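In the two assemblies presented below, subunit A is common to both, partnered first by subunit B and then by subunit C.
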Partner chain A sequence: MNGVIAGISYRALLGRRRIWLLALLPVVLLGLAVLLRAVGADGERATVQLLQNFAIGVMLPLLGLIAGTGVIAPEIDDGTIIHLLAKPISRPVIAQTKFLVAASVVAAFATVPTFLAAYLLVGLESGVAAGFALGALIGGVAYAAVFMLLGVVTRHAVTVGIAYAVIWEGLVGNLVPGARRFSIQQWAQTVADQISSSAFLTTGIGLGFAATALAVVTVGGVVWAGQRLRSFSLTGDE
Partner chain B sequence: MNLELAQVSRWYGNVVAVNDVTMTVGPGVTGLLGPNGAGKSTLLHMMAGFLAPSGGTVTLDGTRIWHNHEIYRSIGLVPEREAVYGFLTGWQFVLSSARLHRLPDPDDAARKALAMVEMESAADRRIETYSKGMRQRVKVAAALVHDPQVLLLDEPFNGMDPRQRMHLMDLIRSMGAAGKTILFSSHILEEVERVAQQIEVVVAGRHAASGDFREIRRRMTDRPHLFRVRSSDDRRLASALIADASAGAVSLTEAGLEVRAVDFRRFTWLLPRVARDAGVRVWQISPADEDLESVFSYLINRSR
Partner chain C sequence: MSERPSRPNTPAGGPAAPGHPAAPGAPAQENHSSPVGVIHDIGYRHYGGGRLGRSSATAALAVHSLRGIFGIGRTARAKIIPFALGAIMMLPAVVSIAIMALAQQRGMAYPGYAAGMQPILAIFLASQSPYAVAPDLRFRVLPLYLSRPVTIRDYVGAKLAAMAAAILLLLAVPLTVLFVGELLIDLPGAPLTSDYLASMAGAVGYAVLLASLGVAIASLTPRRGLGVASIIALYLLCSGVSTVLAATMESVNDYAAAGWAWLVNPFFLVDAAVHVGIFGTEPAAPGAYPGGIGVAAAIVAVLGLIALSVAVLIMRYRKAASR
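Our next item is the complex of A and B:
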C-alpha cells in the first residue's frame, strides 16, 4: 500500500463527474426499493429478489467494472501510469494499492445502498439486510480484483468485462447449474445466505467452496496483476 | 554512470525494430539521432526498463535494468507522451514524484525541481490548463526531482516554443557538464547538434554511427566531401588538383574552387603539397557540407 498512489487513484476515480457514474446504480437500487415500498410489494420475497437480481446481479458487477478497470486502465491507455512505474516502488505494491482503492470504492458504493434498500423494505427481518450487505462487500472486493486484472491484461477491459458480466455471470451462471459454481454473484449470495435466515434465499453452493473461491479469485487477481505490471512494456508508436 | 547495451536486439513478431546494437552511454550529453521509425524509442524504452530486449543485455553500471525497479533511484525518465494527471496541479504532480521516491524533504526537492524548469509561477494551476511545452517542463521537473545520475528524455523538445527549447537545452547541457549521464532522442538535427557532445545515430534499427559529430564525419572516408578552397591562383590549383584521383571533381566558381574529395584522407594530405609545388598560396579551406543534415542523409542512404 502506497499512500501517494492511493491518493492519486482516488482522485482519478472519484474526481469530478465520475463519481456520479458510480452513484447512479446505487441510486437506482434505492429508487426501486422506495417504489416497491410505495406500491406495497415490500414483502421478504420481493426484497430478496430485488437484491439478488439487481443489487448482486447488476449493480455489483457494473460497479466492480467501473472501479476495477477505472483504477488502472485509463492510466495505461494514456501512458500516465509511467509516472508511477518509473519509481523505486515494487510493481506488486502498485497493484495492491490500486486494488485497495478499487475494492474500497466498490465496497462503499455497493454495501451501504444494499443494506439501506433491504432495510427500507423489510427492516432487519431475517438478517436479509446484513446478509446481502456482507455478500455485496465480499463479492464487490472479488469483482474489483478481477476487473483490475482485466484492466492490466487487456486494452479492451471494459468490453471484455461487460461480456463477462452479462454472458457468463448473467446468462450462463444463472441458467447452467454447473457454471453456477464459478460465478462471483453466486458466491456472494452464498455468503448472504449464511447470515440471512430467509426462506426465499437458497443457494446451491457450500460456504467452504464459495469462500475459498472468493479468496483465490481475489488474491490471484491482485498477484497476477502485479506480475503483469512488472513486465509492463512501452511498445512505442514507431 | 554508464548505460551499456551489448548486442541488443528487439523484434516484434517478424519485425526487427532494433538489430544487434552495442553502445555505451557515459557521463555527458548523448543524442540518439535517427529518423522517425528508426528504433530510437525502442532503444530508449529498453534503457528505461520499459521493454525487455529480445536478445542481448541492457545494464546500468553492470546492473540489469529490466525487471528491476531499484534502478529508478538512479534513472529519471521523461517519456514522449504528454499525458500527465490533468487534475493535479504542477506542484502536486512534482511533489507526488518526490514522495514516491521517498525523499527526505519532498517539499524542498519539488520546489527546486520546479525552479529548475522555471515553472514556479504556474505551479498552482492544474496541469490540464498547461500548454504542451509547460507539460513537457513539468514532466522534466518530476523526472529530476530525485537528482538522478541518469536522465533519459524521449523527444524532449517536441512542442516547445523556441525560448522554452533554449532553456531546456541549457539545462541539459549544464547537467551533462556536471557529470550526469544524459541521453535524449531526437529526429531533428539541429537539436542534437546544439546539445550533444556524443551522437549515436540509429537508422532502420541499426547503430549506423557513433562519435562526436566531426568524428562520425571523419570515419566516413568513403563519403565524398565537398570543400571550398580560396587561393592566390584558383585556376592553377585546380589543374594541379585534378591530376590526382582523390579529387573527384573540381569546379571553378565565383567564390573560389569547389572540390569534391573522393578520398578524404588522401585529399587532406594532398592539398597542401600540391599547392606548395604549384606555388599557390591557399587562403581558405572550408567544408561546404559539414552539417548534420548531409551526414545524416548520407548514413540513411548508405544503410538502405
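Our next item is the complex of A and C:
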C-alpha cells in the first residue's frame, strides 16, 4: 500500500468524466427502486429480481469494469506508467495499491446503493438487503481484481472485459448451465443467498465452491497483475 | 513530359551545404548578393494530376475509417475483435441453414435477427466506434484534416457513414446468406421474401441509429477505454431498465405500459419503428409494442435520436477544431 499512488489513482478515477459514469449506474438503480415502489410492485419477488438482474447483473460488472480498468489502463495507454514503474517501489505493491483503490470505489458505489434499493422496497425483510449488499461487496472486489489484471495484460482490456461480462456471463450463462459455475455474478448471488432467507432467491452453486473461487480469483488476479508489472514492457500504440 | 519550372542547378542544397563551411565573412556577403529567405527547389517531383476535390476527400476518409473499423491496414491484433464478432454474427445464420436443410424447419426469423444478436452488435459498436474517432481527438490532428477541402460536416459525415456501413455489413451479410440458403434449400411454401426485405430495411435503421449514438458518445472522450465503457454502459442500462420496467408493469397487469417500456431499449425501438411499424412483422421483444401512436412515437424517437447525435457531433467537433 502506497499513499501517494493511492491518491493519484483516486484522482484519476474520481476527478474526471469517469465519475459521471460511476455515479450514473447507482442512480438508475435507485430510480428503478423508487419507481417499483410507486407503481406498487414492491414485493419480495420483484425486489429479488431487480437486484439479481440489475444490481448484480448489470451494475456490478460495469462498475468493476470502469473502476478496475480505470485505475491502470489509461496510464498504460498514455505511457505515463513509465514514471510510476521507474520509482523504487515494488511492482506488486503498485498492483496491490491500485487494486485497493478500485475495490474500495466499486464497494462504495455498489454496496450502498444495493442496500438502499432493497431497503426502499422491502425494508430489512428476510435479509434481502444485507445479503445482496454483501454479495455486491464481495463480487465487486473480485470484479475489480479481474478487470485490473485485464488492464495490465491487454490493451483491449475494456472490450475483453465486456465480452466476458456480456457474452460469457449473460448469453452463455443463460444457455449452458455449466458456464454459470465460472461466473462472478453467480458467486455473488450465492453469497447473497447465504444471508438472505428469501424463497425467491435460489442459486445452483455451493457456498464452498463460490467462496473458494472468489478468493482464488481475487488474490490470483492481484498477484498475477503484480508479477506481470515486474516484467512489464511498454509497447507502442498500434 | 510535363513542363517543369526551370530551377537553378544548385548541386548540393542551399548555401549551408555540408562540406562547404561558410567563411567568417560569408553570410554578410550573401545578404548583399541574394534575397533573404529563398525557398530552394531541391528537386522533388511535383504533383501534376487532377485535384479530386472535397467529395473525393470525404469518400477517401470514409473508406479509410471503414477499413480501420475492421482492422484492415492495422495490426493483426486489431483484426481479432471485429472479425471474431462478425463470425459470431454469422453463427445463427449457419445454424438456421443447417436446421432448414436437416429438419425442414425455419430457424431464426429475419426481423428478429438483430434484436436476438443485440449484445454482439452492442459490443462491436462499443469496441470499434471509439477507434473511429478517439485517436484523431487524442493526438489533436483535426486541424490537419480541416486544412484540406474537408469541412467539419464532411468529417463527421464520413465517420458516421463508415460506422453505419460497418454495422450494415455485420447485419446484411448473415441475413443475405440466410436468405440465399433458404432459396437453395427450397423449403415447402413460398420463401419469406417480404420478411427478408423488411429485415434489410431494419438493418439500415439499426446501422444509422447505432452508428450515430455510438460515434456521438465516443467523440465525447479522447480516451478509447472510457469510450468503450460508456457505450456499453449505456446499452446495458437501457436494456436492463427496459427489461425490469416491462417485467414490473406486466406483474401489475399494465400491458400497455409494458409495451412502452420495451421501447427504452434502442434495438427494440428500431424493431418497433421499422419492422413492426412500417412492415407489420412480428415483434422481436418478448411482449407487444404499443400500437397506433406508439409506432409514430417510435419513428419520431429514432429520427430524433439520430438528429440529436449528429448535432452533438457537429458541436463537439466545432469545439475540438477551434482548440
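Here are some notes:
By our rule, the second predicted complex is superposed on the first by the 233 of 238 C-alpha atoms of A that agree within 3 Å, B and C clash if a C-alpha of one lies under 4 Å from a C-alpha of the other, contacts with A are read in each partner's own complex, and residues count from 1 in each chain.
Operating definition for what follows: a residue touches a chain if its C-beta (ideal position, glycine included) is under 8 Å from a C-beta of that chain, and two chains touch if they have at least 3 such contacts.
Please read these numbers as outputs of a predicted model, since none were measured by experiment.
In the superposition on chain A, A:Leu25 contacts subunit C only, with no contact to subunit B.
Once chain A of one complex is fitted onto chain A of the other, the partner contacts of A:Ile162 are limited to subunit C, with no touch recorded for subunit B. Contacts of A:Val176 after superposition: neither subunit B nor subunit C is touched.
By the touch criterion stated above, A:Leu84 is placed in contact with subunit B alone, subunit C being left untouched. In the superposed pair of complexes, A:Ser231 makes contact with subunit B only, with no contact to subunit C.
Applying the stated contact rule after C-alpha superposition, one finds that A:Val4 touches subunit B and leaves subunit C untouched. When both complexes are overlaid on chain A, the residue A:Ala41 reaches subunit C alone and has no touch with subunit B. When the two complexes are overlaid on their common chain A, residue A:Gly57 makes contact with subunit C while staying clear of subunit B.
When both complexes are aligned on chain A by C-alpha atoms, subunit A residues 238 touch subunit B in the first and subunit C in the second. Every residue of subunit B that touches subunit A in the complex is listed here, in rising order: 12, 17, 36-42, 45, 48-52, 67, 69-73, 75-77, 79, 81, 83-85, 87-88, 93, 96-97, 99-102, 142-143. Residues of subunit C touching subunit A in their complex: 74-75, 77-78, 81, 88, 119-120, 122-123, 126-127, 220-221, 223-226, 228-230, 232-233, 236-237, 240-241, 243-245, 247-249, 251-252, 254.
The part of subunit A that touches subunit B in the complex is made up of residues 2-5, 7-8, 11-12, 15-16, 78-80, 82-91, 230-238.
Residues of subunit A touching subunit C in their complex: 17-18, 21, 24-25, 28, 32, 35-36, 39-41, 46, 49-50, 53-54, 57-58, 62, 65-66, 69-70, 73-74, 77, 156-159, 162-163, 166-167, 170-171, 238.
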